[in-house]
Amino acid sequence: MTTTRDTHAPDFLAGDEFSIPTYRVLSQEGRLFEGAEAPELDRDQARRIYHAMIATRVLDERMMAAQRQGRLSFYMQCTGEEASVIGATAALDDADMIMAQYREQGALVYRGFSFDEFMNQLFGNELDYGKGRQMPIHYGSRKLHYMTISSPLATQIPQATGYAYGQKLAGGGQCTIVFFGEGAASEGDFHAALNMAAVHEVPVIFFCRNNGYAISTPSIEQFAADGVAPRAFGYRMHVIRVDGNDILAVYRATQEARRIAVEHNKPVLIEAMTYRLAAHSSSDDPSGYRSRKEEEAWREKDPILRMRRWMDGQGWWDDEEEKALQESLRREVLETMKRAEKRPPPPLDSLVTDVYADVTPALQHQLDALKAHIRRYPDAYPRGARSLDPGLSQGDDAASDKGGA
Amino acid sequence: MPTMNMLQAINNALDIAMAEDEKVLCFGEDVGGFGGVFRATSHLQEKYGRARCFNTPLVEQGIIGFANGLAAQGSVPVAEIQFADYIFPAFDQIVNETAKFRYRSGDLFNVGGLTIRAPYGGGISGGHYHSQSPEAYFAHTPGLKVVVPRNPYEAKGLLLAAIRDPDPVLFFEPKRLYRAATGEVPEEDYQLPIGEAEVTKEGTDVTLVGWGAQMEVIERAVELAEKEGISCEVIDLRSILPWDEDSVAESVLKTGRLVVTHEAPRTGGFAGEIAAAIQDRCFLYLESPIMRVTGLDTPFPLTLEKEYLPDHLKIFEAIRESVNY
Amino acid sequence: MTTTRDTHAPDFLAGDEFSIPTYRVLSQEGRLFEGAEAPELDRDQARRIYHAMIATRVLDERMMAAQRQGRLSFYMQCTGEEASVIGATAALDDADMIMAQYREQGALVYRGFSFDEFMNQLFGNELDYGKGRQMPIHYGSRKLHYMTISSPLATQIPQATGYAYGQKLAGGGQCTIVFFGEGAASEGDFHAALNMAAVHEVPVIFFCRNNGYAISTPSIEQFAADGVAPRAFGYRMHVIRVDGNDILAVYRATQEARRIAVEHNKPVLIEAMTYRLAAHSSSDDPSGYRSRKEEEAWREKDPILRMRRWMDGQGWWDDEEEKALQESLRREVLETMKRAEKRPPPPLDSLVTDVYADVTPALQHQLDALKAHIRRYPDAYPRGARSLDPGLSQGDDAASDKGGA
Amino acid sequence: MPTMNMLQAINNALDIAMAEDEKVLCFGEDVGGFGGVFRATSHLQEKYGRARCFNTPLVEQGIIGFANGLAAQGSVPVAEIQFADYIFPAFDQIVNETAKFRYRSGDLFNVGGLTIRAPYGGGISGGHYHSQSPEAYFAHTPGLKVVVPRNPYEAKGLLLAAIRDPDPVLFFEPKRLYRAATGEVPEEDYQLPIGEAEVTKEGTDVTLVGWGAQMEVIERAVELAEKEGISCEVIDLRSILPWDEDSVAESVLKTGRLVVTHEAPRTGGFAGEIAAAIQDRCFLYLESPIMRVTGLDTPFPLTLEKEYLPDHLKIFEAIRESVNY
């Protein structure tokens, strides 16, 4: 039973007795707030972070443009949230597991996922690790410890608790970070995940990107509370709220969270206050549910600009470097995109592999029947037809259609 | 008669239902001010107020739990699940609660007022999680009704029937047809019967059975078959729970052949139920095995979606095989 | 975005900054604590409550004994939690909806569910409102506004939110109370229900019976936090924790909660700290997971004893009344049990009614086939055979078997 | 060879698996110190410690979410769902996650180590929520394997195979037989194959197919039939996903008749799949329609459970009907 004290007055607590402040280090002008301390972050690490932020932004802009041109079926941007995602990732060990929602490509960029790798997934070609089976932006990388994205929201949150429990048993000193939106945090899986992590003392960091919207639903229709952070009290879990557009605050908070998680096997909740500057996805038009004015106000809080100013102040970056980097990244995006578009689709057999570790006789039977059918109508299935006989189709790019999904 | 696409027909049905009965409520993720990600609930909040058409937090199990409670109270909730692929967090509320509410209470309480709408199906480059056809999961659940319209006219009439039906109804909307299918739809209120199949084309050689978006695919296959002189009878089941076994049996007794098609994976799909029931009813009249043309037994793919889908060519081949058996 | 203040220090809150006290009015000796105020509760109302507590206890003891004798397939006791359940129910309007978990028969007793009605459900006979379809203790009463129990845990919590939303729209000034255990509060449905209630401003009272165990699982393995109450902060919901064995505290807290719910359309969370004195159910033996000593300590905190002492002090009750009441209740239980056991089972047709509002042709067909089968083997299905032809079986009790399920 | 009941056989299998591989973990509601409400995990916490055998909070979606993550990490979780009736809150984690994990990632990640155990089925006066047989819901889900043992020997060998299988396995245990079924069970480690049916009795007139607790019921029906001179071939499917179509087809090619039985409601039940597949494969050899003996299309009842269940008499009648068709 609880050990709290008694009271004899029937007083209700109203739910906001305790307010959780927002941790901020860097002003929008790129200067430290009075009393704020910068995390230990050397020039190389800062440049690696900044580089990843720019690369993410460039990739997002270009690919959204490509989607608008009809080259790509679908796209989602990280725009506005680069500091949250990349700041957190940079504070981890590169071998810590990342379980993302879908808007965290910045983490992959930071860890070194190449534009080629991005493009192969986006175009679902034969080099896509996911074998062209999922929609664009469902990246995954085993070598970079980045779990393949899954569209159902919040399912990754209890999975992260389980993954981290396994890491704890393995004793290698790794932890798991799981990213999710403030919308996804309404799912039952969120509650399950945080409660189990607290009970079983699991080294997991729950990183909530509170970007104000879940598609069209503003956070005020998502919860009545002051954000997601106060939920930590319900689980007796360490919690911090940070300015998600402040790279130094995010970095420092996540470093500390990792320490608590790994050294004490205690889960931590981080709520990063940020804003989704772009549309929800290429299928969305935010003008139907929010104002330009609101968007503009947030555009001024651009996390990349803020970091850029700080880098300038440190003497770690200048305009020329910026220009050169932007140009080379743009070029690289276009080149890798062209290459990816031309690559053939995954072979027909990939329809039935990986359902199980081994193709079952029933599935082999279904595949054989499908092949026979396609042989009868090869022109009706140009993608499938070209890969009927995997040996023959190598390098034969002419038959591929425009390459999008 | 005005021409509407399927979304307009659905929106129109919701509008009529809400105007007529103030107990009708529409809610779900992004359903309120925005009108739903497909805009099926456009303008309903403007017209009927935030209390009757609203956004919910992002939690499907909560949406259906809430809807069950509302229906038990006597309201008439029309809950939207944004994609049928995301109905599974609500599976317990649907299968253990919605379906059993009346039975377990001896009809002291029921959730008959409940309708659950969800866009389903492939053909939109949606991959595993924006393409599933989960109707068979629910068709194995006594207490539910499962309805799937094939065009705008059917969508309006069946949705109005579903909302007013005394039992809870799952209403799966073929999202591929949301804008692609247009047709004449009466402005007035009308209902189409739940539990009765429709023979959309008469024929003598083989019976084709399907529902929802697959009806259009059947039509294309039938065109090919008729060119080869095969006379096809086509049946739209319209609801798969309860399903109109009599109409299918009657047709098969005449044609002696049956092809059933759905997008969902073959194993455990609803075509199996139909085949099992019809071979029993029509055993001595069957001239060839009942054929199933379905998705493969894999998660729904993306790049190779065209190959995966049970398209008109595959159905056509099945018709040929059935007739030439 | 949140309006909380900024901080420049990366300090984590540890999750127990704020502790929630326990509201108590009545000491175990039956006296008011210093500074505590008794709720307005007149003699008649107090006697109605006390009567319900005793009747619940007697029913539970007798029926558990009947289960041990093999007369009943299953039973669950409210024992130890009568003050929580009955105190809360008494504070409501009798037309407020109650959605219970399964251990709240006290609420039904208070509202006037007769022993006959209890017995008909327990024995699943032809008079059971539930038509013998659910296990014993799955009561329901439309006229008493008590939703039929359903075994899956926590499903009733979001249903209560929805029910109360309907009540709010109906404008009749009613609310819904939903009871659940501290174990059930771990389900995803709990999170969904509380969040939606706060967002949509719903007149619902979430009443958590924290009785220390979920079957064998102690609450310390259920959550790391100090009970369930702190979760209210995460939803910005009014909350109070009460001594669940203190009838006056529970009554007063629930009265106030109802006022907040109905007058302000605000949901409220009440956590009642109590103890499951009996086994989880007739299938359980708690000696495998908790000590006699612990049980004994709680037996001394018996909520009925505590109220009894207070009633004595008020001059509202005496030993004679107690004796007479106990005796008459015991007799009534035995008589109603005997009657219920003898009643025939529900008719065979009840197998297929109520699946839908009308029996579908397919179900009628299945029923007809079943009847034909039973006619072939009447001795193999004595229950079913007797009700093949509902008209004939009336009053024909001889064929009934021992009447349990 | 020692005699064990089914619970002992299961406990023994878990013990062997945990002793052999420290990556094997057992958890679920009341699974830890108490050893599970049926005591299937008795003494495992004592033997292997609280880190490897433990209670979870009461949240099925969390249990399976957690288990999915653990399996992805490389552990070998054996998660218990207290009753199969309570598996539905975890339906999304199983159907959208467990089943698609390997496929969607192109095998970068998989949850092949996962086993989910759950007691299923009726005959224990459990009513709607302690009696369900939900296997068909999962059998419609590519990526899962679904195994159901019929006796203690099978339970041990199949559970060990499930735990070591490279794919996620749902292991449904017939709780009616937990203590009722006893038999000789080798003390050593052994495995039985997943995906292979077993012909438990040879015969020539009719084939009977079932799984789990229903096998015992079939046996009783066969006794009656054989007394009337009907020679029955009996097949225990053992796993229904994948299911051994070849073995059933081979048998039906010989007998020309098939009766399939399960406790779950008929419509959408797995017998439909079997009937559909076999009428296709064996069309010209069938001498009578494939019969299904199943639960009614209602929620699982209580007082009239005996009437509801597909018992030996109903199966016997179906055999007769099949043979006399």
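Letters A, B, C and D mark the chains in the order given here, with residues in each chain numbered from 1 onward.
Rule of thumb we're sticking to: a contact is a pair of C-beta atoms (placed from the backbone, for glycine too) under 8 Å apart; a residue touches a chain by one contact, two chains touch by 3 or more.
Since we're looking at a predicted model, the values are computed, not measured.
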| item | value |
| --- | --- |
| Chain of greatest Cα-centre distance to chain D | A |
| Interface with the most contact pairs, given as the two chains involved | A-C |
| Where chain A and chain C are represented by their mean Cα positions, the distance between them in whole Å | 44 |
| Centre-of-Cα separation between chain B and chain A, whole angstrom | 34 |
| Intercentroid distance (Cα basis), chain D paired with chain A, Å | 39 |
| Separation of mean Cα positions, chain D and chain B [Å, integer] | 30 |
| Numbers and ranges of chain B residues touching at least 2 other chains | 54, 57, 59, 61-62, 85, 88-89, 92, 96, 100, 103-104, 128-129, 142-143, 267, 296-299 |
| Contacts with two or more other chains, residues of chain A listed in rising order | 133-134, 138, 150, 152, 186-189, 191-192, 195, 199, 221-223, 355, 362 |
| In the complex, chain C residues that touch chain B | 97, 99, 128-131, 133-134, 138, 140-142, 147-148, 150, 152, 155, 157-167, 169-170, 176, 188-189, 191-193, 195-196, 199-200, 353-358, 360-362 |
| In the complex, chain D residues that touch chain A | 25, 51-52, 54, 56-57, 59, 61-62, 64-75, 77, 89, 92-93, 96-97, 100, 102-110, 112, 142-143, 145, 166-167, 195, 242, 245-246 |
| Touching residues (chain side chain B, partner chain D) in the complex | 61, 85, 88-89, 91-92, 95-96, 99-100, 103-104, 128-129, 136-137, 139-143, 241, 264-265, 267-277, 279-280, 283, 286, 288-292, 296-299, 325 |
| Contacting residues of chain A [partner chain B, same complex] | 73-74, 124-125, 132-135, 138, 150-153, 183-184, 186-189, 214-217, 221-223, 283-284, 288-289, 345-346, 348, 350-352, 355, 362-363, 366-367, 370, 373-374, 376-377, 380-381, 383-384, 405 |
| Contacting residues of chain C [partner chain A, same complex] | 1-25, 33-37, 186-192, 195, 198-199, 210, 212, 221-228, 230-241, 243, 249, 252-253, 256-257, 260, 268, 273, 275 |
